[in-house]
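Next come two complexes, and both contain chain A; in the first it sits with chain B, in the second with chain C.
What follows is the complex of A and B.
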């Protein structure tokens, strides 16, 4: 009995230490923006709004957050639409060499948005006049995310029984109606997953927008964050912490929303 | 409502597997027709080819007076219940039942009224707002049935309609389905691998084996006079005794016993030819005393069937089964005699029934 109790105590202490390790940075992020003179330590805030006023005075801060939203949303929409259509086709039509194609795409995708492809991508963007263009960036990010998205989406499609679609077909539904009425609602959790994943990827990407967008007015928050220095060339902790909080709130909100709306899966209707 | 006719229907899968081999079949208007066979015999392929979910390699499918062979499933005016019911999990019962009408561009109010009407007929009134996941297996099946009823199609196709229900519910559903089909009078084809289900529900049935139809007939015909040894062995909850024998003038010699020629084969046999003697255990009259023209041996197994017993006799090394009413069952090792009923026993020559 005592052995068991000691065991449990030890277990919870370990959990607590691990938790603290990951919680402290989050606590810092929550408290530092409300502290007049933040350091790297977590302290009780004095609830000043001074730092927020300062970040609002920065001419690029709010605009960059909006840019981030545009880039993330645009990429997510393209990725979801293209991945869903491609995955549906790949899941339902048997092509010779389908799996080889999928794995090759997946392998290449890690190169496309990876550091190795930076120079050719830059040159490509210049040739296509897509340099310093948000659309160009969205297209390149979409290309980078698509293979993995198709791969994940195909898994969702594969796990949807065909008899749903056949049933709709016998009732006379056209292929487009089948996709709209049956397939999309069934894989909606999958679509939401892909969308969140795409947004999170774009939101946190620094290198691509840093290289491809030179106009400060077009740059997203991840790049603007990099410019928050004091006159002395030191990282401006006040602004960094405050901007960091603003930068993370949208992603947290999106996660909560999607998890509430799609964080469940339908069951039943097919007897297993 | 329409008749269904298949003419020389052939389906060859890529890779050369012949699932259906030139089938001819006519199902009259309003009939409840069973496709029965072991797994892999092509019965589901046949149903799916009628539905249009598989394209025929050759031959024609005619529904009513329309050749629908080249038509899409949706243009054939048929409705299908899938083995897993395929109810859309994101729609409630009303929307599921009304879905075929939504495709036909029926207005929302009209189709909801129709769904309510059909749902009420199948006792689903209380469940109309539920999702399929919140229904029991039996309820899901009734929703699937309501959905095909709402289509008012020319013919219904059921793929193994009872296989997803548990045993007790299956019997109930069997009676329910038969009654419903009778009331609706819609030509209905259903697939099953369970011979008892086919016998119980169908007006007529086709027994299939590896892409061929081996016999078409009413359940009574198929049960009493299987056209060949395959059907004889497949139909019946206790398999038919199929015993090798030789014709000896006016009698038969079967596993060392002398048997009379069954009525169905009288005057059709030749002296000295080899035959297979078939008799169902139900048509073997058991006796503990020696009887002329019976199969005599020692009791090796006695199985309880409920109101009767299945007795297995060892007749000179060949096992022969007979059904014995309760209260008369012998003990293992007893001497026993099985007298086949002359009006029910059958003779097979080269696997085919010998009959006038």
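What follows is the complex of A and C.
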């Protein structure tokens, strides 16, 4: 009996420690934006809206959030469209060397994304005049995300029944029409998964925009957040807290929406 | 002529199979056209940089100056320079500490612990714990790294308040330990979710019989659970090792400082190539990073295959 009680106590102590470890760093983000003259100290907020007014007056804050939306949406659209087309073709037609190609690309993308390709990507962007171009950044990030997206998408394509496509073809639909009107509705959950994954990836990406966009008017929220922190040697805590909250809310909402609608977890683990 | 001698049902069968695989009648040409845009972007922005980094590493290319206009091939000079540079070895060692401490040990153990204690629970406690762990994972890196700067601040940081200590500045006094703990906090969610799914695959009857046979908790873990989730553990290790190895987020917390004490390889490349302008040398370091990544990937894939 005592053993059982000790076991219970141990369990709840462990839970409490883990909860504290994961909660304490987040407290500041919940309190500081609503506190007047915030410092690094976590205080009970007095629910002022002054910090939010200050962020509205900042010339770059709202614009950078809009830039983040542009980059994330642009990349997600390109990734979803190109990955769906490629995955469909690879799933239905046996192109020579298909599997080797897929695995090589996947390995390459997980290895080279970000830091190892920093120098050549920077140089490539200079040569192609893609420095300070949001479109260029979208294309570069799309290229980095596509292999994994095609890989995930092909799983969805492989598992859809082919009989619908056959009937559509009997009625004289062209391949593009079949993809648009028959295949896309069937794999919609897959498309949504890829889109959310791409948006989350771009929304949080700091390195690529930091490297490739030097014009403050074009920089996304990730870079502005860092600028607010380092600018002038002194962190502007009022702006940082509020901006950090505004920048975080969209991903949290997206996560809540996705986990409610599709269930945000792995089923049976990851297939390679 | 060979076709004509085949019995008609075989011909029909072969035709039907081809027909059902390519149900929309795409054909190779149009299939190629569907793949082309993706392949073009991947080639240009992924394959080409990977090859280009190999070439650059052999040149003396610089961001500015004479070598920027007319870079020359210098053979393996950059690699010799890297391998004899104590700063490079310092960064490699720090990266090793970072990957081993925060991913291979930290995230795996904490992620498994969370999945294990939450495995048969339902209800609000599970939702709250999992929600908070996942929140740490999905928030943008620029935000969480600043949250940790606030947490660890020397004067007003929450950690100092909690410990009733003064002037304790972990980012200055224990910078490496700080970014390791930060990364455990940041990345535990992925391992937790992966192990949560894996533990769901362990047949409860096996655990039950082990318990009836008098196996202790640790013995159950070792002899029943672990053999079932071995593949998941290796997949998880592969992914988080590579992610952590290439992670640039430590830069946002410490910018590699103080005195290069947290300059992991990812940050080191940025410092020498884009701050210092030595693109060729930076590319050589990148090549070394690529090679290490490749070795890590092949090592885990080997282990993964050896189970069958």
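Throughout what follows, the second predicted complex is superposed on the first by the 205 of 272 C-alpha atoms of A that agree within 3 Å, B and C clash if a C-alpha of one lies under 4 Å from a C-alpha of the other, contacts with A are read in each partner's own complex, and residues count from 1 in each chain.
In this text, contacts are C-beta pairs under 8 Å (C-beta built on N, C-alpha and C of every residue); 3 or more make two chains touch, one makes a residue touch a chain.
Owing to the predicted nature of the structure, the values given are computational and were not obtained by experimental measurement.
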item	value
Which of chain B and chain C A:168 touches, first, second, both or neither	both
Which of chain B and chain C A:121 touches, first, second, both or neither	second
A:229 touches, of chain B and chain C: first, second, both or neither?	second
Touched chain A residues, chain B compared with chain C	C
Which of chain B and chain C A:186 touches, first, second, both or neither	first
Contacts of A:59 with chain B and chain C, given as first, second, both or neither	neither
Touching partner for A:19 - first (chain B), second (chain C), both, neither	second
On chain A, positions contacted by chain B and by chain C	163, 166, 168-169, 182, 266-270, 272
Complex contact set, residues of chain A against chain B	161, 163-164, 166-174, 177, 181-182, 185-186, 188, 266-272
Chain A residues within the chain C interface of the complex	11, 14-15, 18-19, 21-29, 32, 39-42, 78, 82-83, 85-86, 88-90, 92-95, 105, 107-124, 139-140, 142-144, 146-147, 150, 162-163, 165-166, 168-169, 175, 178-179, 182-183, 200, 203-204, 206-207, 211, 221-223, 225-226, 229, 235, 240, 244, 247-248, 251-252, 255, 264-270, 272
Residue numbers on chain C that touch chain A, as the complex places them	19-28, 30-32, 34-35, 37-39, 41-42, 44-50, 52-53, 56, 61, 113-114, 117, 125, 128-129, 132-136, 138-144, 146-151, 153, 155-159, 161-162, 185, 193-194, 196-198, 200-201, 231-232, 235, 239, 242, 246, 248-249, 252, 265-266, 269-270, 273-274, 279, 282-283, 286, 289-290, 293-294, 297
Touching residues (chain side chain B, partner chain A) in the complex	51-53, 72-75, 78-80, 82-90, 99-100, 102-104, 131-135, 137, 140, 151, 164
